[in-house]
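Chain IDs A, B, C, D, E and F follow the sequence of writing; residue 1 opens each chain.
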Amino acid sequence: MSTPPVAGASALPLETRAAVLVEAIPYIRRFAGRVVVVKYGGSALGAAGAGGEAGVLARFAEDVVLMVSVGMRPVVVHGGGPQIGALMERLGKTPRFVDGLRVTDAETLDIARMVLVGKINRDIVGALNAHGPLAIGLSGEDASFISVAERDPALGFVGDVVGVDASVPGRLVTGGFVPVVATIGAGERAQAYNVNADTVAGALAAAMGAEKLVLLTDVPGILERPDDPTSLRAALDVAQLDALIATGAISGGMIPKARACADAVRHGVRSAHILDGRIPHVLLLELLSDAGVGTMITSAEER
Amino acid sequence: MSTPPVAGASALPLETRAAVLVEAIPYIRRFAGRVVVVKYGGSALGAAGAGGEAGVLARFAEDVVLMVSVGMRPVVVHGGGPQIGALMERLGKTPRFVDGLRVTDAETLDIARMVLVGKINRDIVGALNAHGPLAIGLSGEDASFISVAERDPALGFVGDVVGVDASVPGRLVTGGFVPVVATIGAGERAQAYNVNADTVAGALAAAMGAEKLVLLTDVPGILERPDDPTSLRAALDVAQLDALIATGAISGGMIPKARACADAVRHGVRSAHILDGRIPHVLLLELLSDAGVGTMITSAEER
Amino acid sequence: MSTPPVAGASALPLETRAAVLVEAIPYIRRFAGRVVVVKYGGSALGAAGAGGEAGVLARFAEDVVLMVSVGMRPVVVHGGGPQIGALMERLGKTPRFVDGLRVTDAETLDIARMVLVGKINRDIVGALNAHGPLAIGLSGEDASFISVAERDPALGFVGDVVGVDASVPGRLVTGGFVPVVATIGAGERAQAYNVNADTVAGALAAAMGAEKLVLLTDVPGILERPDDPTSLRAALDVAQLDALIATGAISGGMIPKARACADAVRHGVRSAHILDGRIPHVLLLELLSDAGVGTMITSAEER
Amino acid sequence: MSTPPVAGASALPLETRAAVLVEAIPYIRRFAGRVVVVKYGGSALGAAGAGGEAGVLARFAEDVVLMVSVGMRPVVVHGGGPQIGALMERLGKTPRFVDGLRVTDAETLDIARMVLVGKINRDIVGALNAHGPLAIGLSGEDASFISVAERDPALGFVGDVVGVDASVPGRLVTGGFVPVVATIGAGERAQAYNVNADTVAGALAAAMGAEKLVLLTDVPGILERPDDPTSLRAALDVAQLDALIATGAISGGMIPKARACADAVRHGVRSAHILDGRIPHVLLLELLSDAGVGTMITSAEER
Amino acid sequence: MSTPPVAGASALPLETRAAVLVEAIPYIRRFAGRVVVVKYGGSALGAAGAGGEAGVLARFAEDVVLMVSVGMRPVVVHGGGPQIGALMERLGKTPRFVDGLRVTDAETLDIARMVLVGKINRDIVGALNAHGPLAIGLSGEDASFISVAERDPALGFVGDVVGVDASVPGRLVTGGFVPVVATIGAGERAQAYNVNADTVAGALAAAMGAEKLVLLTDVPGILERPDDPTSLRAALDVAQLDALIATGAISGGMIPKARACADAVRHGVRSAHILDGRIPHVLLLELLSDAGVGTMITSAEER
Amino acid sequence: MSTPPVAGASALPLETRAAVLVEAIPYIRRFAGRVVVVKYGGSALGAAGAGGEAGVLARFAEDVVLMVSVGMRPVVVHGGGPQIGALMERLGKTPRFVDGLRVTDAETLDIARMVLVGKINRDIVGALNAHGPLAIGLSGEDASFISVAERDPALGFVGDVVGVDASVPGRLVTGGFVPVVATIGAGERAQAYNVNADTVAGALAAAMGAEKLVLLTDVPGILERPDDPTSLRAALDVAQLDALIATGAISGGMIPKARACADAVRHGVRSAHILDGRIPHVLLLELLSDAGVGTMITSAEER
């Protein structure tokens, strides 16, 4: 394989290597054949790690490939808000807002599709396929598998998820492929709409009967006091999560993420996770070791 | 169905309707379950018909849906040269040339992917899905199913097809879907390359064991004397086609089309067709009636 | 294909041909993979069309072959009362009657089986197979798939349908064949019985979960006033049909046909049709065009 | 089961019953899942046994049902020459001959089909189905599975077998059914022809890769001296069989039977048998016990 | 086949052979594809027949092979109490008892496994495989398919059946193999336990949805008066069986056998049989002839 | 999972854990779905590790379970020479020798089967099943899947492998189970024979098309100078291996091991390994890390 092993790995004593691998056994067995939906966030895309953006994406790809290798069935969902804005700017397109929300006219929709489907989706597919012919890109328009309804005529082509045909990504997953999903949905007569990526990830996890939903972000997880990193909540049930939203402890961009997690868990996903995408291989650590990272949301019974 | 029937259709006498349908029987039976690869050209995309561009695409979509309905397995391949140039221009990108060929640097490649995968592919998928959840977009990068090699370092990311994994579109086709293929290929470590769409269509037809390859263009077919529409050759075998290239009767942009047809036929595709995409429903007339349209290329034995 | 195209078809302008084919799209899509049971009546068999009896049967065969070609799954059911009478006469057999109904003794049963299974069934199978190896003849005795009970000892071997094993014709249908069913049923210890063909067609349509039941007759459809062709009822729900029987508007040989339609619809068949088999290609016009012909019976909800 | 056990069976001591069953073990194991083609001859149909004709047919049916029960896959082929002649006579039809062979005009063909498909085939199907829904009648016309060519225009509709589509009876056999085949073949455009039943049985056995071909006749087997029953040859290889034809020891109606056996063996059928259908349960004795009956033909290597 | 036919079998007249085979038809048809669980008892193993122990086992093997040959799916269960005791004695191991029940310490368990899995199971597998590669040995430890719970700590490794995973033997049975099951069960963390063989046979029959449970013993069946062989009850329903236990007519080692039969029948097994394993081929006589042997237990409705 | 993680594992920094897991990716991907045959030696069984014998077996079981978890298909083969000797001794059985080789009479064979099938096989099955219902024990007698021929009448029941029916363990492997194979083979009429376990492992690896054959021993690998541990050969091709046998560098009990490796590689097994079973988790280190352990034998081309 072309990825160079992390420096120092071969220097480890045999017992240490064995210990790590043995520790992974029960997790590998538990998750074999299960779907795990991973939202790879626009922010994570922009987080500059040791190796720069490309390094972040390459490490993320390694984690997904390892998930496949040990028998899990990952599905990647991504958005791309900042990159859409950047292209609009380059094309001299002035954003319009209604009640603080961006209006998506036909041209903006075209730009969003070009960035999401034609650029970010392609980059993720390419990073995964560097390990072998594994990934296939999808948009919710394909076979109209993500159905949406228009949220508000004043906002233009902004949609809310009203249905997911899990058989389209499911067919790929059982064929051994990793679907990489751009969050464009299909409305009446297959009209395209832009949709929130966290919401799509949650709905997809529920529709596919996923074991886990993982949202990669650029924060450590859910903090009881937003400015205090020591107030990280390692585990919450959905009622506790609701309470944190109600009290305002969860606010801003974290609200749709929290809601996506709660909805997925309420529809049968075993656990939802909000992780810090800036930690190298955080996905793999969450999935295959005893190390506790980020915030895990489950049903009250599951706890 | 929402597409309004063509005016006058319902005014036809019963015998006329019956006659047309009965005429279609042997064609439907012969092509049932067979793959037909249709290249939907950049030029055809730009041809302004009675209903404007959207009307052209909508009629093309009707033809493809009818193909599916009678049991054929269409695969759509498309390019998009003019549209790529248009976005480059808007983004203030100055083209560079080497020996008269456009240099595709990393930024140009990004633009090509955004246009092909994120715009044109989406528009075709949408037009088909207006009839139901039928079409799924693909790029040759997906599962690296179109393998390419770099043509010339001086040209940058321009590739030549070296392999096609027919199982990727094949899986969709047997699932009842219409793959719509953007002509980006995958090289070493899944690096993306731009590829000629006619060539991809021919290679795909050969790899999938297609019954037919159809190239939709904006000319009536192959003319013995390029400026004389009455010199249309209705049928050619591959040797005759080679001769027309050798004598210079076929020239310019028609050369890669002619070569793609010849290659496909030499690799077992029963017939290749160069049709005039400006004739409404030309695809359907070629496939389901005794009307002879355009140029058909076959092997000498087949003739 | 050997069937000569109807004169004038090739003279039609391209747009007209395209218009008819495009009009067929939604019907083809709606009926794909669905079973359509067609009762080809003894009377239709005897109706002399332009090409004589053979011409009628050949056109009927074309329609059934087109149904197969566009993905429908036709099942043909036939009777043959007049032809049975003719052979009895030639063999010097004197008919006996009880309360106006013909007594079927063992010899009459033998004659009925020879005519239905050995003659009419063979002729229909042969007309279909002239287009390719499509049709397989069945009798309700085969694997005893049509179970009957004796109606009245005084009538001899006359049976009423008590069960249909849809898997026997179903197996053929999914294998791509057209079952052609002679209406002999199997009683206790596989004893053969003669059965009414309209009733068998209705029961078979219900058992196979058919989309449509079509009875081809030699009248225009159901007339509100039997002698007035302008009183044709184009569409009826089952309650309206019952009412027409109750008032006597439907009488004589039309009663078992009307009842077979009503029973089929009540058991889940989407629509039942009484068509005039004397109109060339009436089956195809009913199935694939907007032309309204004959009488359609549906449930009240379906209307 | 309704068939009464043969008198005396229940009086047998336990050891005797056990001995017979144990003796059958190796035969049952050897023939499990194998196709056995049995020609049930017109003569055997006419042979009067203890229980009359019906008794003969009922015993034959028991044997076939037992074959099915122990895992063999029997296929029954039948002719019906004498019965065709009888119906022709009743219908006042005068036979014509050319060079001593019966001319089959269109009316004679109709009569042959009515007798073979509509009468004899039905009787055999009925006798088998008295034990359960086992048998399905076929004619070589069904899906044109027995292809024939006209022998001689002067003879009319008399055909020679030129091909057998084994998948049509094979589909029934793997579905657990017993095909009962009437020997009408299909020529150009599905035209029906009368064919020799022994020849059909041999060709069918070869095409289906049968283990055995069994011809039930009304003679003890092949006799070295036709009038001397003690000259029965219990086993012959195909060369010995050819020699007996060459010397004239085999003559008359036995010639087509011998040739059918030789052809089947030359095309891979393990053994062919000419048995005396007048011995009760002779089929079962040949197949499941050490008792040697009739004549067995094999290849020289097999011997 | 190598088993010599029973003397005198070939001397039987043809009609007698035919009669026995015909008598078997309805039984073969009824039991085709059905699972029959046969407990081959420790006592039967020790019963000396005409051919000594080996002769008894060889005859039992013939019966099981014939069951397979006619399409049944036999499963053999065996114990081996006396043989375990014998090996313990040879190894100088002194048995300990608690309340009259043998204590199974770790060493005794090892001896039991060696005898059951390593000796008796092997002998039965070998006797069956002498006829071909038919039998595969299993222990309840394999894939832990027989789950047990410890009965009483004072007794050591003695278990009670708490669950059976029928898919493990079922997979072999559908593959055409005969599972031969040694009655060791698996407890917590796969710890082995000794289990009563009659109970395992009953539980296995219930879990596999068996048609029959047959217990081979060394008594004629259930006697109303234990010492009076003429008081054999040929048929009992489960209530009658319970009554005979309650009154003490059934006592000692017959109690677990009676209970296993009653439990199996109560869980859907059609009939349970207690047969005298000393009668040669008793299994085959019970299964394939009208001869009534031993005691049959059914539900009241079944009677 | 109940196995306690190795002390110190949870103390490892996140990067170290990630490094070990990432290092395993290419190995996991390469071996997914591939069969690996592991010979678990009698000597390894007797090697006393930190946790005693049980500890060695438990660690071996962990490695096999991890192999299953990451998608490999392990097959375990075992012998048990020393343990057979021990039981013979306890039973007062005096060994006899011919030309220095132990004579295996019927009683010795019974003892060997009891120890191998009834004791060692059970212990390995149990250790694996402590992690879940994974392992199923087999002996070469089961379905006679290991065919043997008698080596020498003077030696009694000692066999040489002449054939392996890979479908028997293959069926279990594709069902997700781990076959654990005791090395008893089946001769004529299913007679049992004792066979060398190294030879069986090699033949099984070849017959199953295994990726790897691994022999666990109690030496570091193949040494060029038997008494000099620093002379370990890490990699050999089969010709080099043959040379070491010819020169006598390989001798004694290592010869059958070396030959089994060479034979397996010559029959298509990608690599064969002789590892030191005393190193904890040596199997896992060989399979999933860059650490080089023991001796690897490949074809010359493979090197």
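Just so it is clear, a residue touches a chain if its C-beta (ideal position, glycine included) is under 8 Å from a C-beta of that chain, and two chains touch if they have at least 3 such contacts.
Just so it is clear, the model here is predicted, and its values are computed rather than measured.
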item: Intersection of contact partners for chain B and chain D; value: C
item: Chain whose mean Cα position lies farthest from chain C; value: F
item: Longest centre-to-centre distance from chain E, chain (CA-based); value: B
item: Superposing rotation of chain A relative to chain D, computed on C-alpha atoms, to nearest 5°; value: 180
item: Chain pair with the higher count of C-beta pairs in contact (A-F, E-F); value: A-F
item: Intercentroid distance (Cα basis), chain E paired with chain C, Å; value: 57
item: Gap in Å, rounded to a whole number, between the CA centres of chain B and chain A; value: 35
item: Shared interface positions of chain A, touching two or more other chains; value: none
item: Chain contact graph, described as a line, ring, star, complete graph or other shape; value: ring
item: Round-the-ring chain order [start: chain E; next: chain F]; value: E, F, A, B, C, D
item: Complex interface listing, chain B residues touching chain C; value: 1, 3, 5-6, 8-10, 12, 14-26, 28-29, 32, 62, 65-66, 69-71, 131-132, 279-281, 284-285, 288-291
item: Footprint of chain D on chain C - complex, ascending; value: 2, 90-91, 110, 113-119, 121-122, 125-130, 133-139, 141-145, 165, 168, 171, 175, 177, 184, 186, 189-192
